[in-house]
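Next up is a structure, given as structure tokens.
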Amino acid sequence: MSNSLDDLYREIILDHYRSPRGKQPLEHFDISSDGHNPSCGDEISMEVEMDKERATLKNIHVDCKGCAISTASGSILAELIKGKTLDEARQIAELVKKILKGEEVEVPDSLGDLDALKGVRQFPVRIKCALLAWVTLIEGLKNYENGKDEKAVVSTEDDDEKKK
Amino acid sequence: MRPGTAKSKATVSTPLSRFDIQKIKADFPILNEKVNGNRLVYLDNAATSQKPRVVINAILEYYRKTNANIHRGLHKLAEDATRAYEATRTHTAAFIGGVESEEIVFTRGTTESINLVAYTWGEENIHEGDEIVITEMEHHANFVPWYVLAKKKKAVIRRIPITVCGHLDLNDIDNIINPRTKLVAVTHMSNVLGTINPVKELAAKAHARKALILADGAQAAPHMPVNVKDLDVDFYVFSSHKMLGPTGVGVLYGRRELLESMPPFNFGGEMIGEVSFDRVTWADIPHKFEGGTPNIADVVAYHAALSYLDEIGMDNIRRHEMELTEYAIEKLSRIEGIEIQGPQDIPNRGGAISFTDKDLHPHDISTFLDSRGIAIRAGHHCAQPLMRVIGKIATARASLYIYNDEADVDTLYNALVEMRRYFGL
Amino acid sequence: MRPGTAKSKATVSTPLSRFDIQKIKADFPILNEKVNGNRLVYLDNAATSQKPRVVINAILEYYRKTNANIHRGLHKLAEDATRAYEATRTHTAAFIGGVESEEIVFTRGTTESINLVAYTWGEENIHEGDEIVITEMEHHANFVPWYVLAKKKKAVIRRIPITVCGHLDLNDIDNIINPRTKLVAVTHMSNVLGTINPVKELAAKAHARKALILADGAQAAPHMPVNVKDLDVDFYVFSSHKMLGPTGVGVLYGRRELLESMPPFNFGGEMIGEVSFDRVTWADIPHKFEGGTPNIADVVAYHAALSYLDEIGMDNIRRHEMELTEYAIEKLSRIEGIEIQGPQDIPNRGGAISFTDKDLHPHDISTFLDSRGIAIRAGHHCAQPLMRVIGKIATARASLYIYNDEADVDTLYNALVEMRRYFGL
Amino acid sequence: MSNSLDDLYREIILDHYRSPRGKQPLEHFDISSDGHNPSCGDEISMEVEMDKERATLKNIHVDCKGCAISTASGSILAELIKGKTLDEARQIAELVKKILKGEEVEVPDSLGDLDALKGVRQFPVRIKCALLAWVTLIEGLKNYENGKDEKAVVSTEDDDEKKK
């Protein structure tokens, strides 16, 4: 059954895990957001520098202390979200949520790496690891749009995936 | 509508054949046992029910194939165990009328469910001068926690009296449930008299006063369809062991907003969000109320009990018990010296039949019946205040369930007749 | 004397043959199961243990032959059930050093046992400015209840730190346990580090300050001989499910005078003396603390677990686990990148072996091992404060029991080596 | 197995149950004592008139609301205790306790009816029924000897017989 293990740790995931994108800290940023998964101990912090004219996410820094899945998921996020508009970023995050919930969704080629997250669905307890980066991003964007200055802080309570 | 009145009144002439009792009996291994040389006739169902093979096997299978501690575990057994445990929660939520899974908290039993509410909601919401309404027919489990809380908080216990027929006397209800009322705690079905109480009516009265209502479903949930949304109760509590499930599992249903607003009960693993030496946060409902390793195997096996009940159908179970109760009351009433306690109108009562003998103490009745293989209960049935009200020291109680039939009632009847002869009455 | 030091240090050269592991393995049906295509290697015993056939069968037998509600019942089943239930109490009292049966209270588990003490003794005896001493290595079950109580009462939590080796640091103990101390709550064996704590010494310190001591035996009682009289503790708590018994059963040992002086916990049936609308009296100990229908079947089956442990002998179990722990620590330490947490001196530690990999998160370790049929646990092990102290977000934990052998450790070793290759490390 | 039932309800027991001795209320009494078995609901009240010169229990009235066993036991008590000294009465009560505990004891012919109580031992839950009258007597005697005027009140907590 190491098939399903290989499904979880696909090459793309392992690649992102070993050399995560978005490691470079930012000098200036407009959005800052921390995520925390108390039951696992996964911790993520994220900063985004906005291109205010074009309203796009110009630069992103993701720092993840966690497992391969949460690290890879954060790295995929950093790669895919860069240069996107706020709306596009939010749509991608929603797509990831759907993928992880097990909904049948088409992943456009341009977001190909997201496909690798599908393997996580066979591992219900790992779903929140994959989600963490994305809910952290969503909270950060929310704060930014609401004009709030403070840092967004997300804590996924345990066992979220067991709730309907 | 009073619970029960929806169903047409059963008559003795209707044959007890809507489901196959012999097949059902065969599902319960213990019913093949001999007790004191006689085949067991088990009529102590209000105390605890027997368990069908599917429930016993579910425990067995769990320990043979799945056993692991739930939540947090990343290995396959832990995942399987967690899934099985949570599946029971989903089923329980459906069983009582389709509430949300998160509104179902697993406890040890009805008693713990009620105490949980008293220690959490009660502790925060009952203040000096507040009133808690109970009935004269409460089991100690739905009286003593409120008595103790009221004493501590200088609150007042008010009680709804009962009529000579064993129904709640609602004449003065608008005084008893009044603007000072904070909680109405009422049994859905009496474990002594069998009375089915008008919970829905009382819920309306309570809510009109902005009070909450908790219904003790320990005797109702096993024996009739229950829809907590239709009843419009805030809390509903019952025990697995009285409804074919294992011992050590109870249910607390609570409305989401209430559960969310309540502080936790037992503190420890599984119920926390984050813990440091200086700060502790709680998990979401229902886990907030399930601190520590729960009774995993038995919760998992309780699922099999619910499925078994569903398969037979709670409507059918209720109908069967109505018919059998009518048959039993009619038959036992014929015995000279035997007096039936509680309502005689079948649609408003369940199958817990208390009776007394004008010459014999219930303990002697029970000991005699036991020598004939018949298990009934004798005593105050954890309802000492009710005993005082009905003027009895104790009663004998035969209580019916799905596996009982006319033959069981006949055996009881014959033994009671023989008993009076034995004691020279 | 520190617990454990009485035994001579085991060496790897001693063969693990004092009892027949193959025979023991055969007693546990689940160990024949395949997980993800591999034979199950169960190394998550600190979370919950597996159950031998005799325990599973005891549940089966109970429901097939005896099932009835206990106490008060006058029929044969009720008498048999009561006798079986109380026999477990007697055995438990003997198991922890020959205390009185009445000093044993059955709960759902360690967590409930501790909460019971906090809600009853704690509620009445902890006041503003009082101090409760815990250690940095407590499970949430032995920290959060005291944290919440202290917060409510404006009492102070003081903590005994740990050394870098994972032992309690007793340098400052005479300041930490001081005249304001009312309770010392300490784990007998850490579920993360495996450390065995000097409970007897701490009991003497506590008593010298007129404070009480509660020892959390959840990890100790299953794995080593425990004598609560020799330890001189006031309360001792543990869980059946971690020592071959069913889920849903816990034990609270309390000294008679303490239990007698404490108010009850859950109110309802079985725990009362007399009840009227105006007056309620309590039953004697231990029934005072066992309100409602208890988890009868599982308490009865827990007896079989105790007998099984007795038969093998707690001394032999301890010796076996010491040898196997030494073997495992030695072997795992050889793997590059793997770091063992907790004490390395075998006589002062049990078989819960936490480890980390410098490159891999414990969750990935656990998921990988699971794919090879090996069940371990990864996470904070309900000891988040300890995790902060040792500077880890989480650890992987392999925990041993009587049915584990060198072959299991070898399988773990090989899988870890393979894992590092898999992740390209 | 109705053998053991006949063992419990021996003819002597049934006879005492049907026509209990000591039913006659006393005009004067020196000792008064109530016993109560909350878990069964058995209630007993007892008065004793003393012959003060001879220090014997001259007259006794037993009123029992309870089962056949407690009623019969109270009736046997009334019959056997009458005319005995305080010491003798206490000794008889202790003998009954021993019988019910299952100790091997010889019952002297003069106390023959006590033998009938041996059948109760096979019915552990009924033992406290048989005991009630006797513990009530003992409490009454104690109060009398200690010169206390108030009525003795005994309540057997539940499940006594299950404790060692």
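Note that the chains are named A, B, C and D in the order they appear, and that numbering of residues resets to 1 at the start of each chain.
As a convention for this text, contacts are C-beta pairs under 8 Å (C-beta built on N, C-alpha and C of every residue); 3 or more make two chains touch, one makes a residue touch a chain.
Owing to the predicted nature of the structure, the values given are computational and were not obtained by experimental measurement.
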| item | value |
| --- | --- |
| Rounded Å distance between subunit A and subunit D, as computed from the means of their C-alpha atoms | 80 |
| Intercentroid distance (Cα basis), subunit B paired with subunit A, Å | 48 |
| Centre-of-Cα separation between subunit C and subunit B, whole angstrom | 33 |
| Multi-chain contact sites of subunit C, meaning residues that touch two or more partners | 36, 72-74, 270, 274, 363, 367, 379, 384 |
| Multi-partner residues of subunit A (each touching 2 or more other chains) | 38-39, 126 |
| Contact graph of the chains (line, ring, star, complete, other) | other |
| Chain pairs in mutual contact under the definition given at the outset | A-B, A-C, B-C, B-D, C-D |
| Subunit C residues touching subunit B - in the complex, by the definition given at the top | 29-30, 33, 35-36, 40, 42, 44, 47-48, 50-51, 55-56, 59-60, 63-65, 67-69, 72-78, 108-112, 114-115, 118-119, 139-145, 147-148, 157, 159, 239, 241, 246-249, 265-270, 272, 274-277, 280, 291-298, 363, 366-367, 369-370, 374-379, 382, 384-385, 388 |
| Subunit B residues touching subunit A - in the complex, by the definition given at the top | 71-74, 78-79, 82-83, 86, 90, 100-102, 270, 272-274, 281, 283-284, 287 |
| Footprint of subunit D on subunit B - complex, ascending | 36-37, 360-364, 367-368, 371, 379-380, 384, 387, 393-394, 422-424 |
| Complex contacts: residues of subunit A adjacent to subunit B | 36, 38-39, 124-126, 155, 157-160, 162-164 |
| Parts of subunit A lying in touch with subunit C, wherever the complex brings them together | 1-2, 4-5, 8-9, 14, 18, 38-43, 65-69, 71, 123, 126, 129 |
